[in-house]
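Listed below are the structures to be examined.
The following pair of complexes shares a single chain, chain A, combined with chain B in the former and chain C in the latter.
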Partner chain A sequence: MNEGKKISLSLGSGGKISFDFVKKEIISRFSNPILDSLGDGANILNNLVVTTDNFTVHPEFFDGGNIGILSFCGMVNDLASMASKPMYMTMGLVIEEGYDYKKLLKIIDDIKNLADNFDVKLICGDTKVVEKGKMEGIHISITGIGLRMTDYSLPVKNYKNGDKIILTGTLGEHTISVLKAKGAIEFDGVINSDVAPLCGVIENLIKEGVRPKFIRDVTRGGFSAVLNELSYIGNIEILIDEEKIPVNDSVKAICDIYGYDIYSLACEGRMVIVVEDEEAEKAVSVLKDFEVSKGSSVVGEILSNDRQLVVLKTMYGGKTILDMPLGEILPRIC
Partner chain B sequence: MNPDIFKDKELVKKTLNALKKKVEKLENIRLMEFCGTHTHNIFQYGFRNAFLPHIRFIAGPGCPVCVTSEEDLAEVKFLFDNYDVGIIAYGDLLKVPLKGKSLLDYRAEGRPVEVVYSAIDAVKIAENKKDKEWVFLGVGFETTTPGTSASIMIAEKKGIKNLSYLSFHKNTKAVLKALGTLGNLYADGVILPGHVSAVVGYNYFREIEKFGIPAVVVGFEPLDLLAGISELIDMILKKEVGIKCAYPRAVNERGNEKMLRAIEDTFDTIDAYWRGLGIIENGGYELKNFYDGFNARKKYSIPKELPVDKEKGCRCGDVLIGRIEPTDCPLFKKVCSPANPIGPCMVSYEGTCLAYYKWGVENQRLD
Partner chain C sequence: MNEGKKISLSLGSGGKISFDFVKKEIISRFSNPILDSLGDGANILNNLVVTTDNFTVHPEFFDGGNIGILSFCGMVNDLASMASKPMYMTMGLVIEEGYDYKKLLKIIDDIKNLADNFDVKLICGDTKVVEKGKMEGIHISITGIGLRMTDYSLPVKNYKNGDKIILTGTLGEHTISVLKAKGAIEFDGVINSDVAPLCGVIENLIKEGVRPKFIRDVTRGGFSAVLNELSYIGNIEILIDEEKIPVNDSVKAICDIYGYDIYSLACEGRMVIVVEDEEAEKAVSVLKDFEVSKGSSVVGEILSNDRQLVVLKTMYGGKTILDMPLGEILPRIC
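Now for the complex of A and B:
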């Protein structure tokens, strides 16, 4: 049946096609309770959390960041999504023959500085060089190990009517920054990627006594994908209030011109956090104290309706559905 | 005038509430939007759901990707299978299957496929990548056709040799005329495309008067849409027939002379296949003989009648004119799905069948 079928980019885009692939070809083969929980990382032993990720962004340098910063942030954000504090990391580098040495050092130094800031220790690694032209630039794979800070593991399965959904900032800057670096879109001025480590923020949130039910960083597939995963995991309906979603006007304008759906654009420094209604105000005020999450606000809530659906109340007063993005992000013509 | 006024939240909300009140006694009024962007925006702004069950929106035959036919796509496949060419296309076309394989799949196999936002960018690609022969796929109505015209003229002036054009451009007036001969349009009113009208002028759509229903040219910002819908509802209530324009800041009766001349200078109208509707007299635009050197059909001797296997039972034609609901089609969800779209209405993001498929709650209120 799969004769002649080839892998297309959509498979790795984080949307429905990726999600279906993971369910159909990975979970079905390797199924076990840890894997099946579909978290951003895995809870193992008593209180350890492990996450792994590959980074292939090209070009490796873009406004507001580079592949090294991205790898570290991606790893710690995944660990934070499991309510854990990052402790150790491994690092695999795959480099194209002929790659610029100074650029490589810049990437490594950026990772090192971030690791120092958050007291994360590199404990092993691997470096391979691939013949020129067999790949482009540099790829990084990172595995992170963290210590769980809560006495329960995330995401929880049970949500209740009125649980609040918090978003920690504006959407889409990372995608726009990378698309510009790729030369896929053109505009005057600079939009910096939102790439940022959020592990410190989450650590503080938990220390302050907030008990999050769901934390996930908004990456591939964007805000829509995270909400649809939440709806799937909890078998719940979600209502999002568009007026409450923080907006970067420049990103919005670019989306309007190029026909991108802002809710399916990837970020690398934004979280969706679900807390009980009573904790929402406190959670937002803790989050707002940090520069990387100062744009936090409650953007929606969980409804008791027993259907998996993400409804967006638009800023114009209508209602529409936020669906799982179908694949690669493509602009529309008309 | 400040253009942001047309998306002023408070103003839009007030207008929406007033319009909701106006239609609350109406039952199942069916408004057909011709243009894919209307379909998209009505959905995105949350208007599709706001008027249920009083008003329903039907996506008509005005989404360029939807009406690009199997015959058109067979030509792309012929090119890929027989020549070492690169394809330049608009983004929406990349997911459309060509006999099961989309341009995305071809790209995954290593075939060069470039996405552009403007036809003129095709010239830049050809100039920058001279070691390759490129073919630009011209898709869309009179909104995108002048862009292709400009691109062809620039390529000709610059003497570019490694770029040609495969025109699938469609003539909107011809389809209205053809629909008239089919008999009926299963709608109570028509939302006419603002962008196409800006190019061709709204007199172009006089054919619609034959159907005995009203039509309004509508813009795309939330307030434009509500104003247009409101005007259309008023006409329906007064049983008026004819065309009105609720988008006067962009559209007049005659259209944009420069753009129309660019189309005339580069294209002839020809009979063309519209997906789901069949062959439409004068329904397509083909490059004039003067530009034979830029016409991919001639450059690569693409055979006239390429074989296409059409799935029997697809009723997209009936969905496009509003005769049936997607759920009435025997293939819907059984054979035809977004991963394996059979007809145009499932192909495009803007298609009615895809909307029904993805949002099973399509006709259900969300509050």
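Now for the complex of A and C:
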């Protein structure tokens, strides 16, 4: 029935057409008492963790995901990085006039299904439409609110010699998938984005008694950026063993061909987790129980010596410094 | 020192340049313990009200305001509409590559100054940069979290005959100001946008013992949309007395020339407030004490007869129906 229907400026006008759209396509899907009250804001209770993100990836659909899945996963992964369980979300849509209606519904449905799976309630939102040609496709802003599961805040500041660094899987699939969708690179076969919600995994890890000191999802800036942020926050030296890093051979081959640094490629379903030495084995074992983190491995450790440095011990036995990526070398991938 | 400097893609990359930018231009300005902890999310406490909005107005600067002021005021006005006191905010910036650095700082500064004035803490944010030509200027997404000041939630559902409808000032200045900035209309002189934060006004109203049944800021869809939403929520008939509506003569003249319906023009600093008959006089008196709401007036009343209808008694004594505006008749104004 919605075949060929286009998003019009009216849809974001605040008038009847947008009011009806919100009732029909948003509220009926995400229905819950807070959303249904039709207020300008939403009453919720409790002590909590808040995160926000904007998603502007183009094209909006790529192998293994789309901007809606990305938005939800980005939000819950950020909350998980704060050791919190996602409870509520807000959603802002900025849509180009003329955008395909069915594509929009697909995006909204995917968010809704993930929200249902993880029992996250949409509590308020906003929809704007921008004149054709004045933006490209759709942007999504999302704010998440979660309840902290630990009795301390992440990231901690104090690390000690021998704390272990865990990476939950291979690197770079998301970026490669989006670059292919953009037509920026070509290869045979399919590499699916790694985009995935990791909040369930982290919740389980904490329930099992692991006390993480640092959790961070590997997004823009890649593995290098996360490690450098950790080094900055803890004022510590980090040693990474390249041999231990899980590798997707297809991604590796593409990086070799195109000259990409795999350590600065964004993922959307991978975490870096720091735990004390004695908890590392248990943590990896819990993580491996989940499909989305079955590739988990200890990839390095902390040398707590008041020097901010990330050192990579290469496959060939040499050592090199992993710097913070300087700036954007790739187009929008989230 | 920032003269001529342009926003680059690097600024939103998640790499060093963006990390430095955020530290230098965002965190140093909005500094507070929660923001300074550098987490992916923010720990906050308490029972609360949440609101979110995206702002895409173009041009970003217009007589009487800019997109930053608009974002902050929109957020606190939404929270005030829920009878809550703004406490925390998140801020997402999506910026076109090549955007003027000084303009960006002006926008951020204006938000920061308002946040300081109303003691609202920025607790997390996100910055993305989009390729030149793939969007226009800057978009801002903002989520606000506030503490409810009443022992009941707004809007209430039950209204009674004689409940009074208050409008806090003249209509349409914001839309006219933006249309002029767009070059869509021309006139001599200056009409400043009405954009203003009304949270302090509402806080005072409630402190003075008034128990509002409905509060809504007049934004997209204008006065007509707010009244029709009220009529829908309460399942009630509303009678508005046109003679009582505060008028800006310049705006009225421009509407007459260009054929705009003043009742569907967006404001960004006006509220519709419903109170019981016996509280109306006191409410107007409290509102008039503030510069931003000194034009407050009782403009109508509720006829609680299970019929959703908004009736306007015109200047000439006739009656006409104020419908929900159908869709966007005007370009982006927020």
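Please note the rule applied: the second predicted complex is superposed on the first by the 282 of 334 C-alpha atoms of A that agree within 3 Å, B and C clash if a C-alpha of one lies under 4 Å from a C-alpha of the other, contacts with A are read in each partner's own complex, and residues count from 1 in each chain.
Methods note: a residue touches a chain if its C-beta (ideal position, glycine included) is under 8 Å from a C-beta of that chain, and two chains touch if they have at least 3 such contacts.
Note that this is a predicted model, so its numbers are computed, not measured.
Look at A:K313: by the touch rule set out above, it reaches chain B but stays clear of chain C.
By the touch criterion defined above, A:E131 lies against chain C but remains apart from chain B after alignment on the C-alpha atoms of chain A. Judged by the number of chain A residues each one touches, C leads among chain B and chain C. Where the contact sets of chain A with chain B and with chain C meet, they give residues 8-10, 323, 326-328, 331-332. Within the complex, the chain B residues that touch chain A are 7, 9, 12-13, 16-17, 35-37, 40, 43-50, 63-65, 90-95, 102, 104-105, 107-109, 115, 117, 139-141, 143-144, 195, 222, 338, 349, 358-359, 361, 366-367.
Residue ranges of chain A in contact with chain B, taken from their complex: 6-10, 184-185, 243, 258-259, 309, 311-321, 323, 326-328, 330-334. The part of chain C that touches chain A in the complex is made up of residues 8-19, 37-54, 56, 58, 78-79, 81-82, 84, 88, 90-94, 123-126, 128-131, 134-136, 139, 141, 143-146, 148, 153-155, 216-217, 219-221, 225, 228-229, 233, 264, 266, 323-329, 331-332.
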